[in-house]
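Chain nomenclature is as follows: A, B, C and D, assigned in order of appearance, with residue numbering initiated at 1 for each chain independently.
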Amino acid sequence: MLRKLLNFRNKLAKNMEYSNNEYTRTTRDVSLHDLSRRLAEFAEVRGWDQYHSPRNLLLALVGEVGELSEIFQWKGEVAKGLPNWSCDDKEHLEEELSDVLLYLVRLADVCGLDLGQAALTKIVKNAKKYPATTVITDHNPTSTSN
Amino acid sequence: MLRKLLNFRNKLAKNMEYSNNEYTRTTRDVSLHDLSRRLAEFAEVRGWDQYHSPRNLLLALVGEVGELSEIFQWKGEVAKGLPNWSCDDKEHLEEELSDVLLYLVRLADVCGLDLGQAALTKIVKNAKKYPATTVITDHNPTSTSN
Amino acid sequence: MLRKLLNFRNKLAKNMEYSNNEYTRTTRDVSLHDLSRRLAEFAEVRGWDQYHSPRNLLLALVGEVGELSEIFQWKGEVAKGLPNWSCDDKEHLEEELSDVLLYLVRLADVCGLDLGQAALTKIVKNAKKYPATTVITDHNPTSTSN
Amino acid sequence: MLRKLLNFRNKLAKNMEYSNNEYTRTTRDVSLHDLSRRLAEFAEVRGWDQYHSPRNLLLALVGEVGELSEIFQWKGEVAKGLPNWSCDDKEHLEEELSDVLLYLVRLADVCGLDLGQAALTKIVKNAKKYPATTVITDHNPTSTSN
């Protein structure tokens, strides 16, 4: 009984959170596990699991990277912070960045991999590969992630 | 003085965490703010900030998506959970997924956008666009993220 | 005078060809120089040359690769010859394949490179790298193009 | 008889051309049918046909687009004609552009589509969509290929 009440309270809280997110835009720190869980639930309740094979999701990801690229395609060099962009353009960019992220998180999940943990491990690996004292001598820095 | 000591302790803790991550593989839940902060610091101490313009990072992201695709390119359909993959292949995949994620997080950051928050907002938007009662009648489900 | 007449005749022929292509669908063999020339002219008469910098075109290419991927994203494995595809779906695919090709040809052109010649050279290089007697022993063939 | 002799002469010429291409770099105009034929033969004699399914080739194409992007990723804006690029860098770029082209041509072929014809049709369609008198009033030109 208590468990049921608690479940109900949690669901209520979650729903409120959902509806609040959209309007209040708090700067809550979002975790990869959280996104992964939400997307799994999202797919399950819609019966979309059957379409979420690794290669289907990968191609969907490539599609979203294409949409992300389209935003930047005719702009020439773009300054950090997007100084002259309209609110609409920034929101559009946020949506495309999100789409890439969501498919990436989902792809890792259906592959059975922990994306957040993998990312931390990669940062550590990169830190060893490119020690902080590295001096860059030309305009082709080594990659942060290769 | 106390502040200095605290800083030192924090750095020490961070370093231990760094070196632990690699070996222990705890399933710590990783947040997007955390990744963003680490990558910003990573770039700053290496003097790489100057190369991290939005379009440079976007092209680097596309490069990593290419490497991710190469893993899947000759495999035909791949089952969820990657049943017959070797540990090496899975680790390789984790690295490429991470590379995409890291550039995506960094791109959002230099654009001044909150990727985690944007992702939550997008999930809410998708939930309204595709109500859970939606019945899929053919094999082309609408996108989870479009 | 004769020159003018000849020019006029050529333009006329070109225009007829243009309008014919669309309807008759002859299987004329198209050359990369021809495409390159047409695209250069297309951009010039519209004043688009100024936007056709290498990185702008590259991002536009990535955008089109995304649209190409979207066609295949929820389909699972697709058989050669696209046996069950509708005419509309095939035409859509032809358009996206063309978009990728057109931006690729244009990118090579603004970089001052001869794409067709480069492609032949690459085929020769690949032929040496992978002699025809190569026996494939597992399901990861070496690439045709790497 | 004459026909046979001519065929023989043509084959001979073709073979010589093959071996010469690499060194002489003539500016022969290359056709899409020719590339398509060569790639089909290339795959067949190596027993690679079995791996050349549409989605395998598409992912291989995405992989090559990634390698193409890597060339441009840390360069900031790049001027037309690649004024300060070394010969090696240009040759590398030619190879990656070629790789994208070869997989694109092969993908169209296994789908049973005529890429060259499709490209001409698309140019005609674009010409109607964006009449030459179109005046561009801002910095976001409509696409040449959309």
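Convention: a contact is a pair of C-beta atoms (placed from the backbone, for glycine too) under 8 Å apart; a residue touches a chain by one contact, two chains touch by 3 or more.
Since we're looking at a predicted model, the values are computed, not measured.
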Chain B and chain C share one sequence, so how far apart are they rotationally when you fit their Cα atoms? Give it in degrees, rounded to a multiple of 5.
180
Whole-Å distance, chain A centre to chain D centre, using C-alpha means?
34
Give the residues of chain B that touch two or more other chains, as numbers and ranges in rising order.
51, 53, 55, 58-60, 62, 64-65, 69, 72, 74-77, 139, 141
Report the topology of the inter-chain touch graph, choosing from line, ring, star, complete and other.
complete
Across the complex, what residues on chain C touch chain D?
18-19, 21-22, 25-35, 38-39, 42-43, 45-48, 51-55, 58, 60-62, 64-65, 68-69, 72, 75, 77-82, 90, 93-95, 97-104, 106-108, 110-127, 130, 132, 134-136, 139, 141, 143-146
Sites on chain A touched by chain C in the complex:
51, 53, 56, 59-60, 62-67, 69-70, 72-76
Which residues, counting only chain B, touch chain C once they are in their complex?
55, 58-59, 62, 74-77, 139-141
